[in-house]
Amino acid sequence: MKNIKNLTSKKVLCSDQIDAISEQKAKTSKTFRPVVKGIEEILFEAFPLLDHGFIRVIDYMGDDQAVVQAARVSYGKGTRRVSEDRGLIRYLMRHRHSTPFEMCEIKLHVKLPIFVARQWIRHRTASINEYSARYSVLDKEFYIPNEKDLAVQSYSNKQGRGAILSKNQSIEALRMLKADAEKSYQTYEYLLNETNDGKVIDENKDGLARELARINLTLNTYTQWYWKTNLHNLMNFIHLRADEHAQYEIRVYAKTIAEIMKAWVPLTSEAFDSYRSGSVELSAEAFKIIKLMISGKKVNQKESGLSLREWNELMDIIS
Amino acid sequence: MKNIKNLTSKKVLCSDQIDAISEQKAKTSKTFRPVVKGIEEILFEAFPLLDHGFIRVIDYMGDDQAVVQAARVSYGKGTRRVSEDRGLIRYLMRHRHSTPFEMCEIKLHVKLPIFVARQWIRHRTASINEYSARYSVLDKEFYIPNEKDLAVQSYSNKQGRGAILSKNQSIEALRMLKADAEKSYQTYEYLLNETNDGKVIDENKDGLARELARINLTLNTYTQWYWKTNLHNLMNFIHLRADEHAQYEIRVYAKTIAEIMKAWVPLTSEAFDSYRSGSVELSAEAFKIIKLMISGKKVNQKESGLSLREWNELMDIIS
Amino acid sequence: MKNIKNLTSKKVLCSDQIDAISEQKAKTSKTFRPVVKGIEEILFEAFPLLDHGFIRVIDYMGDDQAVVQAARVSYGKGTRRVSEDRGLIRYLMRHRHSTPFEMCEIKLHVKLPIFVARQWIRHRTASINEYSARYSVLDKEFYIPNEKDLAVQSYSNKQGRGAILSKNQSIEALRMLKADAEKSYQTYEYLLNETNDGKVIDENKDGLARELARINLTLNTYTQWYWKTNLHNLMNFIHLRADEHAQYEIRVYAKTIAEIMKAWVPLTSEAFDSYRSGSVELSAEAFKIIKLMISGKKVNQKESGLSLREWNELMDIIS
Amino acid sequence: MKNIKNLTSKKVLCSDQIDAISEQKAKTSKTFRPVVKGIEEILFEAFPLLDHGFIRVIDYMGDDQAVVQAARVSYGKGTRRVSEDRGLIRYLMRHRHSTPFEMCEIKLHVKLPIFVARQWIRHRTASINEYSARYSVLDKEFYIPNEKDLAVQSYSNKQGRGAILSKNQSIEALRMLKADAEKSYQTYEYLLNETNDGKVIDENKDGLARELARINLTLNTYTQWYWKTNLHNLMNFIHLRADEHAQYEIRVYAKTIAEIMKAWVPLTSEAFDSYRSGSVELSAEAFKIIKLMISGKKVNQKESGLSLREWNELMDIIS
């Protein structure tokens, strides 16, 4: 909890937004529903990500108890002790009984670059309302990486990054990314005949339809959306996108969501770390080799029956 | 609101359940989340349905404002007046912009006959945890219709009901339904070697596995589940299942859910009545005829180009 | 392939159905689409299951190549050799890249007891058209287990089966299951005022609406449906339902579907056996212990940090 | 059929692709599955759209008969005449019985600008494999509108287009869109240290990771994907995206898909035109007014109870 609260900062919000949040947080209501203190504390707050992005928790439904309750399809709180709830949640996670985790729901407000949004939306079991660039003008905000995140194309992993770019190349790359994004945005304003802050540029001209002008923007332009999903699908998202094979820029979002999840449903989060994010899956063939190894036998790739690629992946895991 | 509260009754619950609910309702917590008074008042209460069924609201997320907020992807409460929120919600409903309605979520606890559960579950976009008859023994409760609901097979509607059965036939039918359900349940207990209230019948015998014994139960046996869905899918459910073509026994559930929805999101509920449950959809061909009629022309079926069936359906609607 | 064809039998079909199938199989058409010989050979044929059930393949779309093609988002057949396709499919399966498997689709016609249908339908990502007992009269067919499948309730597994029932209890149980199902069906016919083969019983009486009469039937009554899903979801179904924790009566369906899958997409089926149905998943904590064991260390439950239950599960796996 | 074949052109494909298609079309196989002549004729062919886009049908499953078959859950072809199939399909469409339409499936290969892809992907019930710009280099192709499609922002419709832009402004806008897209692509190549056709630019430099370089591209850059969905969801797509409120650039795709649908399932397509794309939906309140009008009464907005906006929408429809 501590560290997630430290992540909070209002730098990414404009003053209107800060006022609105203050107003929301000035007022509490009474409810019979389950309430999670850890998540109430961070409700509406913005966790900054990348250079202009953020995640805010807007609403939630249910808690660890709701998972337990659904698993038991029982009434009321029951008499079982917390230790038993923990055991039940771990059992459900271990055996992939996923439906009780669907009983919790969370809604986030996210600001993110368009190329990240394009990966994110591949998770289909969620509800989304995105800021519409057909209806409104997008802010002048683009993602420009940090120098340390500019990496060369990886040779071993065709969709990954290798070493960090040389200092000289980095400086030039960042300059170019910035210049192109700004140039495209400038054209965007010109075509709209309207500046970022709503002023008409030339009274004697018409503005191009917003839905057309926006096609000139670069993929690092920021967008925002409301994203709502259940706890089961949230874990799928984290599992895939916090993984080291995911692109760095979506990984930082997934990792922040993992922290939010920990504040919201600590028992589920702990079980997730054991059985999902930290788990190891071995093929039938690989597990036979593991058993031989446990029994003290030496095995080599040739005898193993595994392809070289699979053998290497296995050796990586057990080293 | 009044009438939905009057629907509440504790007759369908056992004393353990009543105690558990009392305990839950004795305690409120503070939350920053939106709270809906109308739904808080009925939280956990059981609305009785049919002879042994019920619906209880277990949890909810969001309100009419959450729909508006998602549509505006805006911060905070904004400055718009309620009248404008109502107009926006009606606009969204009229133009089938369904994603903002997905931003609200509700969780119900439902007790229902198995044959109703089989229709209900066809709505795939929902989360379900059902009481497991592989794990536990089902209660001795079957749905036996009221005399007034025993109808003969309809001739015009191959999947519907016609006139009410004669008094004599009704009495006999009810007697038979009851006798068969009881006989099947008696066998169920015998096979389990265990009575309904957990007593072993014959210490010298084994019980058949629960997952096998239950196959002897009749389709009017009651089951129960937690069912969670978003407001958009809830409206789809109500639209299809509160319709007069739906079977009476699921229709009573859908109508109660419509009442719950009214207590929860009154503006959305009103718009739903205007544009969805009360709306009329006309084919391209039928609408041409309507336009002729408005202009004062007489039209008959032959000239209309409609099939006799479609013509009759149209005449029904405008009469 | 051989064994799946041997499974075929026409005993479960009525003569009309056999004629219809013969007619369909008398006629072939030309297509530019990919065609899989192994599945064409079994198209429309009925694989008998349990006492009255069956599975028939009605249609399919795509093959192993379609998975490869989607993964490459490439044109045409390309120049790669089969060995590379196999490697790619295994890579996709190993790394849970599931979307290419969604590119293949299959449609089955299934006859199954209602209690099995109730488990099956929990797989939501599929399309279903079920025989409607509101519209038509259900056949007089119930599932009565074989003696060897009548097991007592398991003590270790609360939702499973233990030892086989004693001979005497078995005979009695089967007699009772049969008698109750027949009695319920007899009442069903009486209430409908119509026999199974369409004859009116008493001309002076009305029949109860079908949607009501059917509520008297027992859960082992057979129903049937068309079920269509993609290859990814088909594998999820097989993985969960062919598992030894699944109820025997659905497991036999899942295993037949696994055989059909082998005839349809042999490379995917092989990869599925390696990485999904035969794979082993270990928690972060369990894998640490495995690594200790490989390095030759002795570990016991107390030191392991695992609960007794998890420890026992792990010992089971590696033994 | 004629016109859809005339739409075909190979200009949008490169020579490798044309060869691959020729090879596929040189070979037919025999199948027992239903085959639709109209769609076989256009299989694999590219229908050009916008300046560089296309749609190709890659595979399909089922036909109008498959809809009928699912609705009847029947065996074989049955004895009913085509006129009855047409009537049944129209009945299903009229009463929104959507599940039989899910029994047909189609797979398309689509090339489209990224901003169109972002709208398209909002349809969640579909399978997608997209060309990966993390893995491969995107082609140097951007969407530049035709002069006649460059419209000013609409005043009445906040997310639509109004009149066409003046000649002078158009010329300038097109020049700017082109220049910015080319500049961004040039930077993209520079950062990759690799030209569009795979040549290294500077042997002494490293290339930036593809997943990073691509963030500089503009939203009108073309991407491509395999998109597979069932007939029910295909109709939802067409209904929403061929609508005049949809952005022109996605509308042209939806309209081509509607033509493909006509070639594939002509009876369903005809019913869709009657009851879905050409239908009129009236609110409860609006329909009361229509009934008054039919009975010869004069009604005005004030008395109508409709808001001015709804009244105007109604008058538009009946005029």
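To keep things simple, chains are lettered A, B, C and D as they appear, and every chain counts its residues starting from 1.
Note that a residue touches a chain if its C-beta (ideal position, glycine included) is under 8 Å from a C-beta of that chain, and two chains touch if they have at least 3 such contacts.
Keep in mind that what you see is a predicted model, and the values were worked out from it rather than measured.
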{"item": "Between A-B and A-C, the pair with more C-beta contacts", "value": "A-B"}
{"item": "Interface numbering overlap (same over half, different under half) for chain B and chain D", "value": "same"}
{"item": "Distance from chain C to chain B - Cα centre to Cα centre, in angstrom", "value": "30"}
{"item": "Centre-of-Cα separation between chain B and chain A, whole angstrom", "value": "35"}
{"item": "Residues of chain B whose C-beta touches two or more other chains", "value": "122, 128, 132"}
{"item": "Residue numbers on chain B that touch chain D, as the complex places them", "value": "87, 90-91, 94-95, 122, 245, 273-275, 278-285, 287, 290-291, 293-294, 296, 307, 309-310, 313, 318"}
{"item": "Of all residues in chain C, those that touch chain D in their complex", "value": "16-17, 19-21, 23-25, 27-35, 40, 43-44, 59-62, 66, 69-71, 73, 75-78, 99-100, 102-103, 105, 107, 127-132, 224-226, 228, 230"}
{"item": "Of chain C, residues touching chain B in the complex", "value": "113-115, 117-118, 121-122, 124-125, 128, 132, 134-135, 143, 145, 149-154, 158-163, 165-166, 169, 173, 176-177, 180-181, 183-184, 187, 190-192, 205-212, 214-220, 247"}
